């Protein structure tokens, strides 16, 4: 309050209206609210109003910055709003385009026409009085050729792309690319082996989505491996599916595996059979099969939704070894607790690439690994720098 | 041991009856439970609470009747909260069921005396723009132009005839986004496009299934807050001091959780006892 | 030509959207805007294709009298009834999508209960699997179930009633659940999120470069 | 008990689906078939009146002819149903795939990689930050396939899987919560709207 009074006093001396100042002073002491109404003194105008074409954009926008009025927060502290005015000629007429709350120091006018010169004034209001800043320089908006705020994104995208393309081309050229063995694949042998000992069937469920889902494709390459083992051990395999397209492809996969392992005679089309497209109908159908056949090993590899629970529970209750693999996040927890082994998300794809040696899949896994390695390095370095109080490095990863 | 073995082979249908009981009985004996809102729920409440009167908020609905018990109370809570604060609401959805359920939520809100008396007008205080196909691309397209993306509202009224939509060109004219989603396309799409690309602050409500996956967005402030599942809905009702099915269903939810926990514990005890017996 | 043109279209559209992100200048931003508006319309046709395809598949089942064809008749009939009422705006003045129309009547009284009950079934299956299948069979599963225990009880008021007598607030179940969600859960979800994102980036790149072309199908 | 015939239809269909719990039966299958048909119809009508009419036909009427390209591509999409010219639908599919790929490439890199890296770069000055940083780093190591999980890397991967298991535990709890909520909603409908025993 004293700040306000001091400034008012100063203004009055300038105008030579000392009696009025005294009057206001007394009124102010008597009743603060009254004094507000009689506030005839305008707030100090905003300073250093600068207008410039908003950088890194598609045009149609001019940014304004200014320094706060000395009565905003400090001084009389009675600023209520900033008003942005715009004209196409320096002398006006200026039209109000928006009103901003006190404390504002920046505005982006997104209603400009590219190529047209504009002049801006920022005026400040204390609710009663208004004072205007002098007009800004002429400024016009235009579109830019590059968004420099996104330079870090360009670099990141470029490095990642280069890595992926490089590894895919290496894989295609027949270069040996190392992928570690996925632990869950050892369990495949064990499970099929046990089914052989017990003289019971092996079930393979390739999920409920169609062939356009990558998980189904990954699941089928694991089916190839399982079929190879059952062919070698002479164990019976059964693959109930819920998509006719998946059935066709799964038959090819199994047939090829039986051929490769030298037991083509053991193959027949009945191994892979279609039940129904319907989600719960399929679950009920597989359920019935499990209870009847009591398989010793059950594989769930592919995309699963809520039916995962019904299947895994029944499989568990018939005492089968269960090995699951899916990238469906909400089903993974259930598989982990109801199955003996679970390939989690990317492990499914890595296992499939490991088995199929398909260049695209293999190259992609390696490319992504490169990405992960870079990220791990950045995280390690960045955290150390942050802990030492050096924040510049992490700013590099701020994206717009 | 025979007892445990028998238990492991218990008919599913008996368990079905038990869980149905755990859900239904508490509905009949409603007891009032005190809520402890999660920091994530509090974040959403605070963000909406801070919005100035007269600001324009987009509320998008990506859910269907299947997930309505979780999401609908959030939607109703958000509408009430915005209306009380004098915020203008633009409803829309990236699932075709969303706008219909938003309409139902509006009806529920206006059943209450407080909101009936506000005399809010369609077209001026709130609009329902309906559904557009394309998921994330719709949001990206709204970043260029909302009128071009939504030439009409849900019922086919041209957007120029709605006073609320006057002066709304793209996300520059939107103060805040609230997204209520049950899956894909949903909250991640809104975060990626509305927040990260067009810089509109936002918060979300989602089914409990997807809530844990969205927590990284909370830490980075890509989301100001998050309501997760029925618990999130109940938190929001508690914070806005309104009543609704979130709090109403909490006793059933509590008892059912307890029953499931007990099931898991008994099942595991039986499993280990039987396995130990077999090893011998 | 059957493969080259689609590959070309994919490459062009993909590149336009990437370029427009970095170069805000016309014509890239304008092409992007145009493509966006097109996409929404084509996406709607894609959904219509799905719907019509479902009818063709079921019509085929009826025609061949294959197993369960009676149910296919029901699918087609219920589609025709609801789609007919909606498309021809039966009983509605302006739009079939407004409250109070016969279309919305079917939505509330047929579609609504069916969808929501299908989802409600899952509660039963979770309950029975909890009892019969969810086992702490190894260290990992034990850790999982322990975290689940805290979250399940910490996220409902009853958890706090069970532990509110403890003077230390950080031992209350809701505090523990909040902590699990905000730190270990968030960290692991972020690792998974980054991994999946790298996979999606790699797939997108392969599609744009024409390395991945399985969407073109055979021949 | 309700006197609204709509509520009775709804209740009847609800029980139809619930009958699956006893076993798979014709009553369930009929209810489910209705569900499939009605759901397809619902999507269909929304596409017509919320997308095709305003965004395509409306714009064409205004003389914005370039929307015709979208219309043509859309119709080409439907050619999939006619085997002889089905290959033409690939043009439309290719457009959608290209758009998705172009957008995803950028947004996943920005929102789910860069912003997440930025969020993780924090000083090691609190238990929360330490948990976050260790969790993210070891979790990423677990999904790293180019090196054997032995020694230091193996140890880190082991810690990573613990974090992942805790987060799956959280998902487990939340998924259970979701399923229960949906059942409560349905039970509330049966006992309140239909039987009128609850308020």
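We just call them A, B, C and D in the order they show up, numbering each chain from 1.
One rule holds for everything that comes next: contacts are C-beta pairs under 8 Å (C-beta built on N, C-alpha and C of every residue); 3 or more make two chains touch, one makes a residue touch a chain.
Given the structure is predicted, the values throughout are model-derived calculations rather than measurements.
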Pair of chains joined by more contacts [C-beta pairs], A-C or A-B: A-C
Mean-CA-position distance for subunit B and subunit A (Å): 20
Chain centre separation in whole Å, for subunit D relative to subunit B (CA means): 14
Distance between the centres, which are taken as Cα means, of subunit D and subunit C, whole angstrom: 1
Contacts with 2+ other chains: residues of subunit D: 20-21, 29, 32, 42-43, 46-47, 49-51, 55, 99, 103, 105-106, 108-110, 112-113, 115-120, 132-133, 136-137, 140, 143, 164-165, 167-172, 174-177, 180, 182-183, 185-187
Subunit A: positions in contact with at least two other chains: 153, 157, 160, 280, 317, 329-330, 333-334, 336-337, 345-346, 371-372, 375, 399
Subunit B, residues touching no fewer than two other chains: 8, 16, 19-20, 23, 66-69, 99, 130, 132-133, 137, 140, 154, 156, 196, 209, 212-213, 216, 219, 229, 231, 253, 256-257, 260
Arrangement of touching chains [line / ring / star / complete / other]: complete
Complex contacts: residues of subunit C adjacent to subunit B: 33, 36-37, 39-41, 43-44, 46-47, 94-95, 97-99, 104, 107-108, 111-113, 115-116, 118-119, 123-124, 126-128, 130-136, 145, 148-149, 152-153, 155-161, 174, 178, 181-182, 185-186, 189-190, 192-193
Contact set on subunit D toward subunit B in their complex: 21-22, 42-43, 46-47, 49-51, 53-55, 58-59, 99, 103, 107-108, 110-112, 115-116, 118-119, 132, 167, 170-171, 174-178, 180-188, 191, 197-198
Residues of subunit D that touch subunit C when the two form their complex: 6-7, 9-11, 13-14, 17-18, 20-21, 29-52, 55-56, 66-67, 69-71, 73-75, 77-78, 80-81, 87, 89-106, 108-109, 112-113, 116-117, 119-120, 128, 131-140, 142-143, 160-170, 172-177, 179-180, 182-183, 185-187, 189
Of subunit C, residues touching subunit D in the complex: 2, 5-7, 9-18, 21, 34-56, 68, 71-72, 74-83, 86-87, 95-97, 103, 105-126, 130, 140-141, 143-152, 155-156, 177, 180-198, 200-201, 203-205, 207-208, 215-217, 219
Complex contact set, residues of subunit A against subunit B: 101, 108, 110, 317, 329-330, 399
